[in-house]
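A, B, C, D and E label the chains in the order they appear, each numbered from 1.
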Amino acid sequence: MTGPATTATPAPAPRGEAKTATATTAAARRRRARRRTVLVQTACIAITLFMGVPIYLVALAALSSREALNEFPLALLPTDPSFETMRVFLTSTGVTGAFVNSIEVGLLSLVLSLALGVPAGYAVARYAFRGREPYQLFLLMTRALPIVVLSVPLARVFLGTGLYDTTYAVALLHTALALPTTVLITSAIFVAVPAEHEEAAMVFGATPARAFTRVVLPQALPGIAAAAIFTFVTSWNEVLGAAILTFNRRTLPAQVLSTLSDSPLAYRFAGGFALVVPALVFIAFMRRYLLNMWGTTIR
Amino acid sequence: GGSSTSGADGGEGAVNFLSTQFTPVEERQRFETILSERVKAAPVAYNPVAPGVFASTLTSQADAGNMQISLVGGVHGDLAPHAQRFENLDDLASKLTDRRFPDEIAELGRLGGAGTMYIPWMQASYVLAVHKRALEWLPAGADVQNLTYDQFLTWMRDAQRGNGGKPVLGLPCGPKGLVHRFFQGYLLPSYTGGQITTFRNPDAVTAWQYMKELWALTAPASTNFDNMQEPLARGEVLVAWDHVARLVNAPAASPGDWVMAPAPRGPKGLGYMLIVAGLAIPRGAPELDLAKSVIEALTTPDVQTEVLRRNAFFPVVDAPPATDLPPAIALEAEAVRRQQDADGTIVALPPVGIGARDGEVSQVFLNTFKEICLDGRGVQQVLDAQATQLNTILDEVKVPCWRPDPVGAEQTCRVA
Amino acid sequence: MPVPVLLIAPSVVFLAALFLWPVIVGVSQAFTGTDGVTLAHLRRMLDDPYFWPAVRNTALLIVVLIPLQFAFALAMALLLRSRPRLSSFYFYVWCVPLAVSDLAAGLIWLSILTDRGYLNSVLAHLGLGDGFAWLSYQNPTTMFIAVLLAELWRATSLVLVIVVAGLQNIPRDYDEAAAVFGAGYWQRLRHVILPQLRPSLQVALILRTILGLQTFAVAQALTGRNFPLLVGETYQWYVGLQNERVAAAIALVILAVSIGTAMVYLRVLRDPSIQGRR
Amino acid sequence: MAEIVMTNLVKTYPGTKNRATDDISLHVDDGEFLVLVGPSGCGKTTLLRMIAGLESPDVGSVHIGGRDVTDLPARQRDLSMVFQSYAIFPHMRVRQNIAFGLTMRKTPKAEIERRVAEAAEMLHLTDYLDRYPAQLSGGQRQRVAVARAIVVDTGVLLMDEPLSNLDALLRMQFRTELKRIVAKLGTTTVYVTHDQAEALSLGDRVAVMRDGRIAQIGPPLDVYDAPADEFVGGFLGAPPMNFLPAHVDRTGDRVELVLGDQRLPAPDTLGGHAGGTVTVGVRAENVEVADGEAPDRVAARVEVVEPTGSAILLTVDLAGRPVKVQTPPTQRVGAGDTVWLAVDPNRMHFYDPATGAALRPAGTAGVPAPRDAG
Amino acid sequence: MAEIVMTNLVKTYPGTKNRATDDISLHVDDGEFLVLVGPSGCGKTTLLRMIAGLESPDVGSVHIGGRDVTDLPARQRDLSMVFQSYAIFPHMRVRQNIAFGLTMRKTPKAEIERRVAEAAEMLHLTDYLDRYPAQLSGGQRQRVAVARAIVVDTGVLLMDEPLSNLDALLRMQFRTELKRIVAKLGTTTVYVTHDQAEALSLGDRVAVMRDGRIAQIGPPLDVYDAPADEFVGGFLGAPPMNFLPAHVDRTGDRVELVLGDQRLPAPDTLGGHAGGTVTVGVRAENVEVADGEAPDRVAARVEVVEPTGSAILLTVDLAGRPVKVQTPPTQRVGAGDTVWLAVDPNRMHFYDPATGAALRPAGTAGVPAPRDAG
């Protein structure tokens, strides 16, 4: 093996008839690639329909008149949109206040559960301490017990503190409900952040806290975003706790959702839809943090 | 923190009113209008909640000794479990003698004890709603306003046949439906003359046999129906039995197409149930006096009529017959009146004095229904088994029977 | 004090302050009667005609639903990972059910599947009969499928979001290396992607199971009490029957099952390669 | 049959302006060992990735073994690779990591075991087979990556700085083994390295890259001895080739280079440039250093003395420019001493001062002195 | 004042049996440049990590600048480090990565900018300041890691193979710069490398590690010329030192080494071993190769000829053993030729065949020939 080609030949040697053959296989390959793209797109569209159509239908129903909802077969296109039920619903007593309360509770729970849960998630991910597993189970326990059986003693806890019938009480409860989720999800993401990055930060003079906020946290952003989304939507949609802990300062679901099933169908749709929209806006906002932005990760 | 959502910012000088009634958005809206227009004594923060929340809130506040609610309102079954948590309202009751509450209703307000625990607020009943299209199959000679259960069965059978094999009858058997009241207050009293004591006697067997046949003619989707006005409005069923408040929207759009009628009668008479809502004041409630003034205001004939007019709940006071009712409500009012005024009525009350076990007693009837009609078990065998269950509960609470069972003060109610 | 203890302490204190007493009260309810300790409530629970069907349905739902859901969520995540055009739009739509409460989800699916719902409307528009009773107690199979479908719709996004977040931190290097060494798509999935996704999958599995054991609103909306679930029974006993003691007994069953499965997941899915923990 | 033919490969990474590879055409024969060198960031990895199918070129095609594989996914190209960043799987033990390619090919268990043991032995990893990568040192991880690549018997082997974190001894041992394996299996190898000795001793040919292009390709010593331009001469070799501007003067028959006020004999072939200026390139080891004055030598002042072990590297000042020259370790010189330098005219290379390109027609530089090569 | 004193450092990683560092005591003077070399896996990184405070020793202590820092966290030790695996932050642009240490120290903005620009310039990263690490080549990433470490002005600088992925030219340029910076700031530096030239040209002292212990420490050329044992001799230098067993024979005044049936003069000091066997160590470049026979020379047959660019490496057979010798590139030899070898007795090293340890009292090996050093 002494005689490699003397120069860098720009063109491959064995061409000729082979050329057409390779050309066709290349074309076939490209066709296969295209077929793959089409397949992926088809799957995506199918799933999108499955996930999206129900939401479309609520929107449709929410903007239909009462009568339209009693017809059969139901119209599948918004032929005759009516904002009447929506209007009545949105102007009914307490809806604005409840909306404000819900936002307040949601954001407060978000901040609190991240503040409490992220450090704990980090500990679970990074340290092999005794009691790691019991701790996780302890977290889950609070979530595994149906809250309804705790409702009376829980309300009593808050009645004893003067927090009863404030948004703080609800926020605290929602924080507690979201905490297991936050801790576990963030811990799953923290394990994937190389410990070496943290070490580098510390070598360069960062305190553990700064190393965490500057280096670990940004890399764990997708997990934090996921946890944040859960916390917010959990809080946004939670009914029972909010209904038990407040009286005059309801959140939107407590104000609306709890009694929605007694309302006429049109209002149920209007209420259901109105409740979904703000959560959708929140998800739209958080979604970009779920996907990290600095290209592929490297080690 | 937080913004007020009750419309009256229930602070100092306001009455916090917790209620299980008028939860639907529109009804709530209308009742709040009545409160603000007609109740001048104090601003009222009206808070309609689901029954579970009602109970939890009341219990926790009472247990914590930190009562923040001034006034509660609910149907008898909502209030009964909390008898020991309410103020004695005898003084208020005596002040309100001019309201002339019917005796049996006032009696319910004592919750099986001696003192008045709640003041009657409104009443309601269950009737039949019938779309006029169903009348074409009505058996010859039958009067829709005065049916027997047998005629009803024939009618439904003919109607199903006429309707291309699809049942026209619907019953509220959904998870939040009230079909157990049909068994407790209508079917069984009409067939057996009783509710508890006769639970498994031969008449009861007949009644359930009848029910089995009727169920075969009932839309199977009924197990999802919490209220009947929507299936009716959709035309999914043409005939339905339900609480008046849960029927009122069906004829709203075209009252001319609808008929409202009393429930059928059985061998022992026309059994029907009285539904009473009451107002109570929790012990340790703030603004006690204001709350009493609100009760006074809510029991004036004027306000009572207004409630009927707007929200289809009937007065419990002696009010002049209301004119200018909306057509749908007028239909209902007429049917309720006919039902009350019919010959040979058997009035049934919801369980009295058994407090929190009300739900469990009702569940026994529901379980009986499930096992007989849905699971197809033998009637007698089911009744025997369920009777045991029922007696277990009753033996624990040890209360005398309530109507239509023979009421005797010293003896405890049991299934014979 | 060791660092990890300091880090978890706030959450422990917080939860204990809020829940310790309620949990003790709640749990003790199951064992106390008017006169002291009793097992009567447990017996009552076991005798209830709805209890065993509820156990069976809950188990069935969890066992069938969760694998389906994970397969579905993984498929979605992997589709997104291949970065098709419009992927960010797809991702958003696929997250949408997250925003929907279970009560609303029940309402939505009921409106689709009920006798005069959208599904039958579509069929009617297409001239395919005038309505099948999907949710009738007489058609337990379609009823079960309906519940399955609705739950799949409602709760898969949760798994999806966790999996997508987890996928973000897997360097593409490994996938590329595997491809170079001849691994096909499924082999890469099995040998490279899934093992690296293990922490996320573990968490999603735990959370999904526990939250799955907690939801009943959709099933209740669709089937009433024809398809009883354990949590639904808890609510029924607590709210409907106002017997908090039997409710607490059922809640304890749920708690035990939840913690039991979580423990199994934590043990079985423990990652042997993580030695880097301090 | 696994020759690799790259045709007009152009690749620009999204979001960057410069081409990572700029119209590269290259033919690697079946079984050839091609070494790729070039400054950091010149596109070596990119080129390997395009061969591997991990990056698809914007323009151009890749053929392997006569097949157009441009659109073929990596796993269908029958190759294996050592990644610059190792990319060993953190969740697998060393054993599974090494066996990965074999497992994917569904090799029988016993065979896998045998081959893994062999590769581990060769790379001194036997004791570490049951560890996870996180429990290894940097060099050990790199060796796992190498082992993983060489256990599979593929048509093409791509290695991206596979030995950068290993010590010289291990590197040398492995080099010998690699040569043996590759020769035995007839694997076509493309090997990226920054190590001079590796490039020269391993490669059948060496390709020098610069800014996404191939600056020169040829047998190692050709490239080393006769760099095609100043860049290659400066890049290959440690120390790099010295470049000095010189005036060409012809006095009768004699062609001479004028450096400052001193003169050096030049090859006759440079006569054509008489009167002009050229850049003279000469390697440190081709400068003969003498203590005493002699004809045809130029004087220079020693500025820095750097012992490198096997030789001494002097930086001397010649006509105001620093020149690196090498003497055997036995030579005794100190900073400040004056030394006399001579250069064999045949060892001189001449470049156009404007373009940096070799002045081929005018010198003998294009024809390297014949050598024995192992 | 930042001298580093390590005392009896022992570290065993959990889950492993062997000690990663085994009772290492080492003193690095303030401002000294210590180069650490050793086979892959010998514990170099572990030692650096213990100095940095990233790993706490099982036994022993670390003092920096007179302070016991054994239990001090990394950030309070005033040091900076180049990680073997770079550990640059993927979510920060190159600019932020380089500036990281300065930002943590709350350096003024303008100052940060200036210093980052300077470091980027030195490492040819100026064009890449606004990229994310994922958009860089391997060598560029490594340069970012180096730049990040040198922008901060700390008492101690730890570098773990900082240049392994860079080309020789860049490496050489950087070496010069690094020397300048470190000298200017008086930074105490510990530098791990596998590169011979780097080790010899950068270090004030070189420490050779083996299996978690320090095998030898001393000025570069001492270690190179007079390895303390066979291991060091074999490890340092490319090619490694040749080791040959030889019988020592005294004939009157003359001490000779008997290799097979040939004889070489040996230093007189070896006389004490007369009649015994020693291992002779000699470096390839210290063997003089001649074409013709002469007294005091031994004949050997050439087996392999390897041109390395600046020299030719011959593997010859001497008394049945392969010996590497080096000749200038001008020498013409081919495989199969016979050459005659001579070795200056002062360039020979002698080792105990049993232990591999240098026979110090009996040879001159302990005292290296005086040299100029830059």
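In this text, a residue touches a chain if its C-beta (ideal position, glycine included) is under 8 Å from a C-beta of that chain, and two chains touch if they have at least 3 such contacts.
Nothing here was measured: the structure is a model prediction, and the numbers come from that model.
Undergrad: If you take the chains that touch chain C and keep only those that also touch chain D, what is left?
TA: Common neighbours, chain C/chain D: A.
Undergrad: So which chains are sitting against chain B and chain E at once?
TA: A
Undergrad: Based on mean C-alpha positions, which chain is nearest the centroid of every protein C-alpha shown?
TA: Measuring from the global C-alpha mean, the nearest chain centre belongs to A.
Undergrad: What chain lies farthest away from chain E once each centre is taken as the mean of the Cα atoms?
TA: B
Undergrad: Using the touch rule from the top, work out which pair, A-D or A-E, shares more C-beta pairs.
TA: A-E
Undergrad: So which chain is the furthest away from chain D, centre to centre on CA atoms?
TA: B
Undergrad: With centres defined as the mean C-alpha position, give me the chain A-chain C separation in Å.
TA: Roughly 15 Å, centre to centre.
Undergrad: Report the inter-chain centroid distance for chain B and chain D in whole angstrom, where each centroid is the mean of the CA atoms.
TA: 93
Undergrad: In whole angstrom, how far does the Cα centroid of chain A sit from the Cα centroid of chain B?
TA: That gives a centre separation of 42 Å.
Undergrad: Indicate the whole-number Å distance between the mean C-alpha point of chain C and the mean C-alpha point of chain E.
TA: Averaging C-alpha atoms per chain gives centres 59 Å apart.
Undergrad: Please set out, as single numbers or ranges, the residues of chain E touching at least two other chains.
TA: In chain E, 15, 85, 135 touch at least two other chains.
Undergrad: Which residue numbers or ranges of chain A touch two or more of the other chains?
TA: Residues 72, 148, 152-154, 156, 208, 219, 261, 265, 292, 296-299.
Undergrad: Give me the residues of chain C that touch two or more other chains.
TA: 116, 171, 173, 196, 235, 238-239, 271, 275-276
Undergrad: Which pairs of chains touch each other?
TA: Going through each pair of chains, those in contact are A-B, A-C, A-D, A-E, B-C, C-D, D-E.
Undergrad: Show which residues of chain D lie in contact with chain E when the two form their complex.
TA: 13, 15-16, 37-41, 44-46, 84-85, 124, 131, 135-140, 142-143, 160-161, 164-172, 194-197, 200-201, 220-221, 224, 234-240, 283-286, 304-311, 326, 328-330, 332-335, 344, 371-374
Undergrad: Within the complex, which stretch of chain A touches chain C?
TA: Its residues touching chain C are 37, 40-41, 43-44, 47-48, 50-52, 54-55, 57-58, 61, 72-76, 115-117, 119-120, 122-129, 132-133, 135-146, 148-150, 152-154, 156-157, 172-173, 175-176, 179-181, 183-185, 187-189, 191-193, 195, 208, 219-220, 222-223, 225-226, 229-230, 233, 236-237, 239, 253, 257, 260-261, 265, 268-269, 272, 275-276, 279-280, 282-284, 287, 290-292, 296-299.
Undergrad: Quick one: which bits of chain D touch chain C in the complex? Just the residue numbers, please.
TA: Answer in residue numbers: 52-54, 73-75, 78-81, 83, 85, 87-93, 100-101, 103-105, 132, 134-135, 148, 152.
Undergrad: Which residues, counting only chain A, touch chain B once they are in their complex?
TA: My answer: residues 66-67, 69-72, 88-89, 92-98, 100-101, 104-105, 148, 151-156, 159-160, 164-168, 240, 243-244, 246-250, 255-256, 258-259, 261-265, 267, 271.
Undergrad: Which stretch or stretches of chain C touch chain D in the complex?
TA: 171, 173-174, 176-184, 187, 191-192, 195-196, 198, 271-273, 275-276
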